[in-house]
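Okay, got some structures for you below.
First chain A sits with chain B, and in the next complex the same chain sits with chain C.
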Partner chain A sequence: MNEQVLTVKHLSVQLETNQGKKQLLKDVSFNVPRGEIVAIIGESGSGKSMTAKAILDLLPRGFTPSSSSVYFLNKDVSAMDKRQKRLYRGTQIGFVFQDTYGTFDPMQTIGQHFHELFSAHMKISKQRAKEKTVQLLERVQLTEPERVYDSFPHELSGGMRQRVQLALALALNPVLLIADEPTTALDLRIQADILQLIKDWCKNTGGSVLFITHDLGVVAEIADSVVVMKEGAVVEVAPVDQLFDQPVHEHTKQLLHYYKELTETPKQTGLFDIEPLVTVNHAKKTYIKKKWFQKQMIKAVDDVSFCICKKEIVGLIGESGSGKSTLSRLLLQLENVEQGAIAWKGSLPFRKGIQWVHQDPLASFDPRWNVEKIVGEGLDYWKEKKENKHQQVKEVLQKVGLSENILSYYPHELSGGMRQRVALARALLLEPELLILDEPFASLDMSSQANILSLLKQINQTEKTAILFISHDIRAALALCHRILVMEKGRKIEEAGAKELSDSVNFYTRRLLSSMPVTHPGRRLQKQTTEGEREYAHQNG
Partner chain B sequence: MIKFIASRLAEAVIVLFIGSILCFAFIRMLPGDPATAMYGDQLLKMSQADQMRIVENLGLNEPLYTQYAKWLINVLHGEWGHSYTTGEEVKVMVTRAIEPTVVLMLSSTVIILLLSLFFGMVTGLRRYSILDHAVTIASFLFMSLPSFWFALMLMLFFSVYLGVLPTAGIGKEGAGDWLKHLIMPSLVLALAHIGYYIRILRNHIAIIKEKEFVWALQARGVSQRKILFKHLLPNASIPFLSFIGMSLSLTLAGSVVVETLFSWPGLGRLSLKSALAHDYPVIMATILLCMSVVIIGSFLIDLLCAWIDPRLRNQLMKEADK
Partner chain C sequence: MRRKQKWLVNGIIGYLLLLLVFTGLAPFFTPYEPGAVGLSAVLQPPSAAHLFGTDELGRDVFTRLLYGGRVSLAVGTAAMLISVVIGAGYGAISGFVGGMIDRVMMRVLDALISIPSILLMIGLQIFLPHSLTAVVLIIGMTSWMPIARLVRTETLSLKGEVFVQASAVVGASSRQLLTRHLLPQCLPTITVMSVSGISHAILSEATLSFLGLGIPPHEPSWGNMLMGVQNYVLSGIWWIAVFPGLFITLTVLAVTFLGDMLQDRFALPQFRKGERLL
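Then we have the complex of A and B:
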């Protein structure tokens, strides 16, 4: 029964550079049995994706894998000839990747992608290919498959593109599906859907899945067994229950610890300091989108009122397109409200008292500036505090847990977590009363997320800074915030303390909550009860 | 679509109108005047009255705006005036010159396309190979060598030493003769700019080669050849094509030198001759014609790009919609 679909034996990968050889993967070994879901977990740079590319024998030039290390159905992949390799990659293995846009040729329709895949491996008429494609698109629960068939990649949303990618991967009924962080860039709800689709496929066809992720929540949700990787080597292989209950390796324990921090059940309740810092009264903002013949009004923010009190962490939760970012732009006065008012009651002037940390820190840095210049820029426009700028920058870097060595670094030399810290330091330098964080975790792996999370808590306590935390990740918000606002389609639909929110009766909030991955594989069964609820919610839009 | 074409046409008319005003004014600011150019020293020997009469005949005594208005009204009636030097109708002179120039530009564009598509693709796929270095050196060489020198060297070699190709004029004795006359001028015109084209295509092929979707296609088992021609090339060709559109004016400017050197009876030579002779009506006609060639050319390239790239198509539609 337990036949091995994929066997990786002592796989190493070397990169030849000008400075000599660099060992990227060291002696990686694991198996993927038939019908099972195996997860590879590790932080960014641990060699997860490299392993996937090595399995497909598609490493970029300059990367040399050790030979005879990958066996597919007991056949040595490196010994295959060109034609066999094409068949192996195309028909035996399907893959889904994180970047939903980059993996499509921007100039071809979705239909053309499918047709090309079919015609590369079989003789098929255009009509037949279309029929098959529409069926496949239906199977991944895309509404209007005909329209998707004729669409270009840029006309679809990220979640839709990921479904299409999944359909492409499953089109030729592969034996093995490789999924490399397929849900990292997506909403939790879409993530839940995609995970369910993969699980269903696995159950119905008996195919195997190799699932690469940095998120233990996803692992708990989907995997049968887990491979933990660190710095290019496998440190632990275990069945999923055993991994969560009795981790062996230090690194696994560390990961579990971070994960616990991220999924901590909220203890705080909101509103302990009732002195408001900023109040928003019936704010409204509409965008007008011009189409061919009609104007479309999009109510980005519709009659939203709330306040943020001093020293409080407020979460703003909603799916993409719910108006979170527009609301933050209104707060920052980057745009003006159409109706209603935003009143500032802090002791500093309006804009000076608010600092913003951007979703993508790298995009908010001038690539030709070093860290000292980036962080210190705020002081340049503030005449009173210009003296000993260097000293102040050093202090604020210390606050966010960075050493002063990085003062002379440029943005591209920093890791994702460091970039987020630098962005935080830049905001904190001016000692704001309110920090606005727009999806601060979107581009980080789990350990960096946990670290930034505890850093934010600490800053909130020591600096008495109020924080507005904007995210689609309800899990992180529950762990961090005192009070949480839930938005849907521009409206505020619920406001509650973090603790109360987990018992919310609001339908939409329940849906968001149910899309959170389980915290432990043992809870999967419990969750099945809410499955029907979600299904129902889907149909009712 | 019709809206898009209409809006581009309206733009073209405005550009031509403003261009004609600028040309009209600047030409008359040039030192010297047509009368001197026509009669040379003899003009000085004439009586004051005779000189005035010549200027008056040419209509140059009136204020500039009246001159321009008259010229514009005539042109709108399809009347481009007569050459000051030969007295021939400008319309006839210019129509005669269009065909050779268009032939020259088309043939050099074909050479550019063939050579740069091939070399750009090969060097883009194999960057830093021996061929890549050789092509890079060659293209920099051609870009930096002045084309008149290069033209003279070609003449020296093929016409004087080997005696296989004619040095000047346009071939009138059958297709073979016509082709023989065409080879050297179009080659010189093409090679002067070909380096840019090769490098643009090379760089974009190299960028797109690294894109994730190419990787994804390989992993789906699509053959290399299909990836190259169906995915890499269309994606890389957009910047390449729009550069061709932009560099049309470069090619036209280059054709002035080439046509003069090879005595090619085209627009370039005509505009140079008329400029030296202060032949106002002819200068205006040739300049406006060159402007239209550039405008029409880049419009066609835009259409071509939109046809290839769906994103561009949508964008153009939206712009026209505003």
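Then we have the complex of A and C:
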């Protein structure tokens, strides 16, 4: 049983550049035993994906891996000839990437993708290939496999595409599945489903999984053992329970600390004014989707009422397509409500008092402006604040924890966490009373998430800014917010304090809660039973 | 552009500067008057006295090239400026406002484009006096349509970008959005279009002059110098055609390269080709 499917021994990768050689991976060693799930965890830039690429021998030109360091079923991968490598990559290893769109050929249907895969490695009739594909699609719990078979990639949602990708990876019964952040871009619920599928596959076929992620929650949920990476080197390898209970390396402890911050619901929900800042009354917004001659009405926001009080952090939780973003656009007056009203009780002008951080900060910066111009833009439009602009910009950057030497940087030169902070600085410069954050954690790794989270808490306390936190990530909302609204299909279905929400009886909220990954590997079993009980209770009551 | 193309850059800038100096200070470089007829020296080949030879009326080709360059460059630049201003403004407004106004403006544009520009030019000529200014106006007013269309398309797609909305959220008015974010984004397109606009204007001027509708014949321009010289070229008198033609070609080429460099200068920071040229 202890046979090693994959052995990585002293793997190093060098990049040759004009400035000389750069060591990207240093002496990476670990094993993947048969039937186990091994997770590689690390911050962005720690070399996780590079390791996966080196294992697959897919490194781009200029990257030179050390030879004889990857062994697959005790065979040296670098010594394989072309045919063997094809076999190795094609049939014995399956892989799933984070990008669910780029991995598909947009001109081919899902069925054609499968057919191509099958016919490359075996003789198979078209009819038989289709049968097999439909079977595979059923296995990843796609509800209409026949329809998916004939669909083009863009016709499927991100979650569906990820399932298809998984089906493709598992189509030829590989020995090893390599998954590179497969759930990072997805809703928590879809993430839970995908993780379950991978776990089931592992259990049923005895295959091994190398799972790359930045999220300790996912690790707690799925992994048997963990490899912690930092700056291109392995800092700790341990079974999952041991890693959570007795971390050895400082970096692991740091990650666990961040993770705790992200998952803990604060006990003190904080005292806040009950003076309302903005009230939304029966807001409604519909979009009309035209398809040929049919018009389809989509109720993006349907009769939603709520209020946000001064200095309060409110979470707005829902899956993609639940109308969260539309609601934020209504609040920002980027679109007008059709019915109902939004009343602003803060100081005027309204436009200045309510600011926004978009889920993709990079897209929200003018690409030809540098940080100083981007952050300071708001001052140009509000006359009374114009003087000593440079000073004000510097101060606000300091507030969000950025040094002033990034003033001359362009957006594309910043890292994900820095971009988020710059966007935050731009919003804070106008001293808003309400800050709307649209999925602020979507594109960040776990440590940046924790940093931004504590920054937000701090801003809320020192600046007395109310925050509307929009996310699909119920975990982060519980850690940050005082009060949480849950939306489904454009309707508000629940409103509760952060502490009360975890005892909610609403079916939808329960489902969202249960999709949260466990906080500790020891809770895995426990969660399954409680879920079973609730399901049972729900059916009977 | 790579370093090895540095000589090209220097060459182009040098050529354009020289051209400006020579045409601008034409009286200092030539002893002749552009309109001075010398019937004793008709169709002389290039010599020390007449650097580029003389034409059928004995006028010095070199002198006429210098004075003509003034006219051609002025007409090209001025007409281009007019067409860029009209085109960019029209396109930006149409794209930014959208809706009914956009639709009406675009149909008007379609109608204007469907008329051959030469007809449009002749049509306009009827209402305007026969002068240099008129030629500039006519060329400018008949060549802005492609620019308008491109700028509209870009504005339309940029309008939906998140950074434009983000700017609206921090308080930018529609006018500020247009001038601070949308139009600067269109600059690379506008630059390239306006450069090809210069060459288009120079050629249009030649066409108009050929039809007798352009620059009045007593004033030389590269365009009207080329007029009616076909027969002479066939009988071996090459200099009266080759020199104006050469200058038109060189200038159009130089301006086109200049446009390329400008495009690089205006490109998004991450797409600049490294070394800053201008």
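Observations, loosely collected:
Quick note on the criterion: the second predicted complex is superposed on the first by the 522 of 541 C-alpha atoms of A that agree within 3 Å, B and C clash if a C-alpha of one lies under 4 Å from a C-alpha of the other, contacts with A are read in each partner's own complex, and residues count from 1 in each chain.
Here is the rule we go by: a residue touches a chain if its C-beta (ideal position, glycine included) is under 8 Å from a C-beta of that chain, and two chains touch if they have at least 3 such contacts.
In this text the structure is predicted, and so the values were computed from the model without any measurement.
Contact with chain C, but none with chain B, is seen for A:Leu334 once the two complexes are overlaid on the shared chain. When both complexes are overlaid on chain A, the residue A:Arg426 reaches chain C alone and has no touch with chain B. When both complexes are overlaid on chain A, the residue A:Leu117 reaches chain B alone and has no touch with chain C.
Look at A:Phe152: by the touch rule set out above, it reaches chain B but stays clear of chain C.
In the overlay built on the shared chain, the residue A:Lys352 is in contact with chain C alone; chain B does not reach it. Contacts of A:His412 after superposition on the shared chain: chain C is touched, whereas chain B is not. In the superposition on chain A, A:Tyr381 makes contact with chain C only, not with chain B.
Looking at the shared chain after the overlay, A:Pro367 reaches chain C, while chain B stays out of its contact range. No residue of chain A lies at the contact with chain B in one complex and also at the contact with chain C in the other.
Within the complex, the chain C residues that touch chain A are 161-163, 165-173, 176, 181, 184-185, 268-270. By the touch criterion stated above, chain B contacts chain A in their complex at residues 211-213, 215-223, 226, 230-231, 234-235, 308-311, 318, 321-322.
Across the complex, chain C is touched by residues 332, 334, 351-352, 354-356, 358, 360, 363-368, 377-378, 380-382, 410, 412, 423, 426-427, 430 of chain A. Contact residues on chain A toward chain B in their complex (touch as defined above): 56, 58, 86-91, 93, 95, 97, 99, 102-109, 116-117, 120-121, 152, 154, 168, 290, 292.
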